[in-house]
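Below you'll find the structure, written out as structure tokens, and then a few comments.
Per-chain numbering from 1; labels A, B, C and D assigned in written order.
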Amino acid sequence: MENKVLTVCPYCGSGCQMNLIVEEGKIVGAEPADGRTNEGNLCLKGHYGWDFLNDPQILTARIRKPMIRKSGTLAEVSWEEAIQYTAEKLTAIKEKYGPDAIMGTGSARGPGNEANYVMQKFMRAVIGTNNVDHCARVCHGPSVAGLTYSLGDGAMSNSIPEIEDTDLLFIFGYNAAVTHPIVARRIVRAKQKGATIIVIDPRKTESARIADTWLPLKGGTNMALVNAFGHVLIAEELYDKQYVEKYVEGFAEYKATVQKYTPEYAESITGVQAAEIRKVMRQYASANKAMILYGMGVCQFAQAVDVVKGLASLALLTGNLGRPGVGIGPVRGQNNVQGSCDMGALPNVYPGYQSVTDDKIRKKFEKAWGVSLPRKVGYRITEIPHLVLKEDKVKAYYIFGEDPVQSDPNASEVRETLDKLEFVIVQDIFMNKTALHADVIFPATSWGEHDGVYSSADRGFQQIRKAIEPPGEAKPDWQIISELATAMGYPMSYRNTEEIWDEMRGLTPSFAGASYRKMEEQGSVQWPCPSEDHPGTPYLYEGNRFTTSSGKGQLFASEWRAPQEQPDQEYPLSLSTVREVGHYSVRTMTGNCRALSQLSDEPGFIQMSQADASSLGIEDGQLVHVVSRRGRVLARAQISNRVKTGATYMTYHFWIGACNELTGDYLDPVSKTPEYKYCAIRIEKIADQLRAEQQVQQEYEALRAQMHVEARPV
Amino acid sequence: MNNVLPSPFVIAEAGKCIGCKACELACFAVHNDHNGVVAAVGTVTVPVIPRLHVVRTESFTLPVQCRQCENAPCAEACPVQAIRREEGTMVIHEESCIGCKGCAMACPFGAISLNKAFSNGKVVPQIQLKERQHNAMVRSAKVIAYKCDLCRTRDHKDGAMGNVPACVEVCPVGALSLVHPDTSVSRSRTAAAMRL
Amino acid sequence: MSYKDPIIHIDEQLCTGCRRCAAVCPVGAIIGEPGHPQTIDAHRCVVCGQCVQICTAYAADNESTTASRAVKLQERGQLPNVREPLFAAYSSGDIQKVKAVLADPKRFKVVQCAPAIRVSLAEEFGLPFGTLTPGKMAAALRRLKFDRIYDTNFAADVTIMEEGSELIGRVMSGERLPMFTSCCPAWVKYAETAAPELLEHLSSCKSPMQMAGALFKTYGAQLDGIAPSDIFSVAVMPCTCKKFECSREEMSVDGYREVDLVITTRELASLIKDQGIDFIHLPDEPFDSPLGKYSGAGSIFGATGGVMEAAIRTGYELITHEQIPNLQLDFVRGEEGIRTAEVQIGELELKVAVVAGLKYVDAVLAKVAEGTCPYHFIEVMACPEGCVSGGGQPKLLLETQRKMAYQARKSALYRHDSHQKVRKSHENPDIIKLYKDFLGEPLGHTSHHLLHTKFVDRSFKEEMS
Amino acid sequence: MNRFVIADPDKCIGCHTCEVACVVAHAGNNMFLQDESGADFYPRLTVVETDEVTAPVQCRHCEDAPCANVCPNGSITSKDNSIFINQDSCIGCKTCMLVCPYGAITMVPAHKGGQKQLQSGLRSNTAGAWRSKERIVANKCDLCEDSGKGPECVRVCPTNALQFIVPSQIEDSISRKRLASAQSLLQFGGFSRL
């Protein structure tokens, strides 16, 4: 019997709705549904990215039972034992070192909002620390920080469907075709409808290819360019004086900072022609509706929050906010990274971005949760290596649905950190590189095996639904955490996700009206949704009332700082980490999908210019060594005439060609987001290609064995 | 002599055309020596495949034909370089054409059409390509792209007037003309100057 | 009237309303708005077929709005394997019927071809304009299984005998002058429709085709010992109006149709192709005697001025009993329009006019009605250059070649004439024999019965059914 | 005339969904359900990315298909308005691949019922052992004829960059363009003055 289960795609923040087709308890197919953002379309991951649920053991094996490290090796144990053991260990560490010695993560991926709510509640109410953070830190952390400062809310101001109805799209460091094909669809439609498209990207992305103007800036010069944009708006009096006067603050300081960033000065830094800088700003300022979209090309630099604020300032200067088809859009990378932020899996805020340092708010949560809560802002995940290795402050790490060894920069340092920690808990669906360092492993249910709510990148709450039974003894994340909390003396007895959701709504004014029923009825509810009779909010800042403390938009500019590590003689090329369209995040899911894994497989690629390849004598498709000060990996050369000479790109999904073995851990001072987009490397040609290919095969087999993949029949 | 002369082309004049299709017929007549088409209609044994097309609507009628584009999209679209510029005319080499339809789709004027190739009054068969017809595998018909070639290969001995394409010559109302861009532009300039 | 089919049609699915046909129609019978399909006023239409010749609105293969080609061919009375394009203006065909009769061994099939066929038929097979092929034509007809290959040219010689005698009589008596020729059925129909009061000015002679038809089923039948009822008489004509003429009620002899079916040059060509006859490589074969033997005078009937020239050659000698000094009468040869001349025949200064193109005849008729027309004898041909430019002739793809084609066909006729041993109708030995053995004398009783007719007033539209 | 699929580079975002769809459509959904994970992956269209263009390239089902015209044993035929490769009779001579001006044909191991087909006679020596050689056959877009649902790539493309062109559409498009080009001339007149 065929049965269709309506749910939301687990890949990327586009929030595409889809049906899983279930036959006899197994998923046999997927088809697009008519969701608000996807309108009956899916990309390849949505269409063909569900069969990891059948545990095909391609890259890594599903975790089916709890495990405890006993005398060095992981051994399967019962749930009781695992929970009891973990509760005791955490309690002991808390007693010995204090609650702030324990760090926990949220998960921006499969678990959903309820699990994140329970996790942050666990850390805050049970452990007693604000040490909860998650991978938003390594992606759109700067957006949350920057946009909260500038406008009030750390999310897309406008909705994905509005993209196609704007007059001008200003796309900065955002490769939608690869990261969000279904958002790229809107860009294509905007172009077809006549919008002007301006793309700022060092690479000729698909958006750049169809753009009216493409500004190929040098990597690591964003701030200089954004300052120059502001300079032109003011110097040529293109900005909306009335709007600035009425709704915006900080103009004088802003003007003073951007003063020296003449287009000519910016050209000397960015390589973008001064005339082009002027031209695009004239277009941007004169468009009736202009929308900024940006991505990791903005956020994954050590100077990221400043650039986010700088981009928001451009929208503020031109009055491109508070209406449909305008605004600024950080399109979130992971399916529920918006949601894990919404749920307060961040060290400084409770659900709904309520500050942990605000006494009134803290009292509300203390009353609801029946405990006293910590006042101090917690640690960020990117600080953990330093806090463990250098300051010895963190002793236990509860890693929930993340794989920092693969996803965080400077992997060898992350491994060292994990090994030094006294106690590491990994809660996940598949074996991964981080799990190899775990003391306890909790098997969790996957997307498709549990209910919940995801937040799409444009603030849309949407329900995910259980389609099949989980394998082995896997349990929903919220249930595992609840059992652990109970074992630690703080009973949690949720019966289902709706109970958790309703508790969360009761404590979060801006989400208060987003009930399951409303989601069911509307398909999607965009926050803020303060009351039961409120339909949700497609675009923020109606009437140009900003949610900053003063109610006004905040202009901000800052001096440009060069990336921390510059290419030199020894490491003459720059490396930026990117994504590829057929894979997702650390690849535990897509790497276990038959079609997707065959479209592109280990060891992954390093994209380079023809000129660089020629000077190194490298041919397309050859294996090469990529070396940085921090590591050395194998990757396959992909020669492209869309990249600049001197620049290289690696996708971060691959386990053999793991680019985060190479990346540096330089952080943005505000958001603590690492500089993934810029480090120095060199490429070494490999003479014996055949041997290198064999090496890749051997490494792959070894990895798979480590990941508990059963030996494949020859 | 560094200037590349733009190609001449045939164009129709709105308001004059009466829709008689004499141009289509003439076009066909002068391009089918190899099919034994001579002067009389009775010598025609193949379908009339014109290289210009009279468009008719409720309000007007006008023939449309190749504009001999300088940056011909058809030639760009051709994967086998069967479309080439020869003596100022964009010519489709029928022997090379593989019937891929790319040129017809690329042409913004709709000036290219695909049709069966004929020789000696018979369909030209494929070399090998066969299709099933009535339970037997038979050689398919070769299909090629057709478009205006300004009658460049036309035999002008039979009462033709110099190098004027047949369509221009037969139009009973003078709605078609062969335009030489260089001379017409200079004439327009002169005319504009005289109006000053 | 016995005919139902108006013969000339405009296919409304194909007509683009360019009205080029209206421009060539001599009688203004084509009605319609520009850009919309035209219709034919059958009452006015003289069935000359000039519209069929000019029409360029062909059926494109891919027009989904039109009926299938097979259906149209059937409607048009054409053979199903005809491969030439179909045009909006067309004449109904009879070739399917001819084909059926030819397959019938019980019928005695007799055929005649008009003078203009032998100078144009070859064009249908790709030969140059005006290629003269009487021998191949006869050979082709024989291969089509006609039992007797007779010829209209023979009857043209008879026409000269009868019409010449009639002219002499009228000139002598001064009655009913001027006298108009009556060979062209379109002209006759026009006269009957537009000027019934002047019908007595027409020669009472039937056309050569009808004379031939009448003789085939009488004299011919006797010669071959065949019952007239077994004879099937086909005429190949350059003319669409001949189909109308042969169906006129009065065109019968002793209860038999004089001509059973008329087909056009184009229809004959389609039948030759249908039968797989390699026309180009046929040997030259003679016509059958005696009704297929003709003089040069008979052959020039196909061109404007030809009847006049032939009549003068014979009339001169009948009146003067002297040999005509010059056989080539260039003053009556020419193109579209009116040509006049005065010919000194003994004492008589014969005033003649030649009208080529029906549209020029109105001026002449007006003069006749006024009684101020100075001519004795007027030849009228409805088509622009006589039968060579008839509506049933090979249709041209290129308008630009029309003049050249007509010129070439006419030259071929005159060349044919000049190569004949006998160039005057009254010197044709078979004509002499015909009168001796069968007719007696021109305008005699038998002639009157078989070769002369009366014309009808067709000015009332109601007559059309 | 033949039907074919063609991409609009102005809409293509290079997401490769079409390629995966192609493989899945030809493997059947059991591709996801088999225990063996080594299923072959041979898309019949290929996304090409150059500096200027991004678009999948696939068989144009040429009317005068050069592939069919060079096929030595009639394995490529015209069928239901498409050019069809009979993989059962293909001898793997590769000539079709060479002559295709679109690069739309690739040589792939033949499969039947999910199993790689081996040759009965021909053996090859790999790593010191003699084994029956795989059958290698020509592979290209077949318009997903067997599915009865039309080309899967067209169905899944998220930006509608792929179009399934049927002959009447070409005719219609040409007619539309003719009409438009005629209309564009209406406002002018008197070219003969030039």
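Going forward, a residue touches a chain if its C-beta (ideal position, glycine included) is under 8 Å from a C-beta of that chain, and two chains touch if they have at least 3 such contacts.
These numbers were taken from a predicted model, which means no experiment stands behind them.
Colleague: If we look at chain B and chain C, which chains touch each of them?
Modeller: Common contact partners of chain B and chain C, which must touch each of the two, are absent.
Colleague: Report the most central chain, judged by the distance from each chain's C-alpha mean to the global C-alpha mean.
Modeller: D
Colleague: Per the centroid of Cα atoms for each chain, what is the distance between chain A and chain B, given in Å?
Modeller: Chain centroid spacing, chain A to chain B, equals 58 Å.
Colleague: Measure off the straight-line distance from the CA centroid of chain A to the CA centroid of chain C, and report it in whole Å.
Modeller: The mean C-alpha positions of chain A and chain C differ by 94 Å.
Colleague: Measuring from the mean C-alpha position of chain A to the mean C-alpha position of chain D, what distance in angstrom results?
Modeller: Computed value for the inter-centroid distance: 37 Å.
Colleague: What is the distance, in whole Å, between the centres of chain C and chain D, each centre taken as the mean of its C-alpha atoms?
Modeller: Whole-Å distance between the two chain centres: 63.
Colleague: Show the residues in chain D shared as contacts by 2 or more other chains, in ascending order.
Modeller: None at all.
Colleague: Please set out, as single numbers or ranges, the residues of chain A touching at least two other chains.
Modeller: none
Colleague: Where in chain B do residues touch two or more other chains at once?
Modeller: Residues of chain B never touch two or more of the other chains.
Colleague: Line, ring, star, complete or other: which describes how these chains touch one another?
Modeller: Drawn as a graph, the chains make an open path, so a line.
Colleague: Which pairs of chains touch one another in this structure?
Modeller: All chain pairs meeting the touch criterion are A-D, B-C, B-D.
Colleague: Which chain D residues qualify as touching chain A in the complex?
Modeller: Of all residues in chain D, those touching chain A are 10-17, 19-21, 23-24, 29, 31-33, 35-39, 41, 49-54, 156, 158-159, 161.
Colleague: Spell out the part of chain B that touches chain C in their complex, as residue ranges.
Modeller: So the residues of chain B touching chain C come out as 18-22, 24-26, 28-30, 36-49, 54, 56, 61, 121, 158-161, 166, 169-170, 172.
Colleague: Which part of chain C faces chain B closely enough to touch in the complex?
Modeller: On the chain C side, the touching residues are 16-20, 34-35, 56-58, 60-61, 83-85, 87, 123-127, 129, 266, 269-270, 394-401, 404-405.
Colleague: In their shared complex, at which residues does chain A touch chain D?
Modeller: Contacts found on chain A: 26, 28-29, 41-44, 47-48, 50-51, 54, 56-58, 176-178, 181-182, 184-185, 188-189, 191-192, 204, 206, 209-210, 581-582, 594-596, 598-599, 640-642, 712-713.
Colleague: List the residues on chain B that touch chain D in their complex, please.
Modeller: Where chain B meets chain D, its residues are 11-16, 53, 55, 57, 60, 62-64, 79-80, 97-102, 104-105, 107-114, 126-132, 137, 140, 142-144, 174, 177, 179, 184, 187-188, 191.
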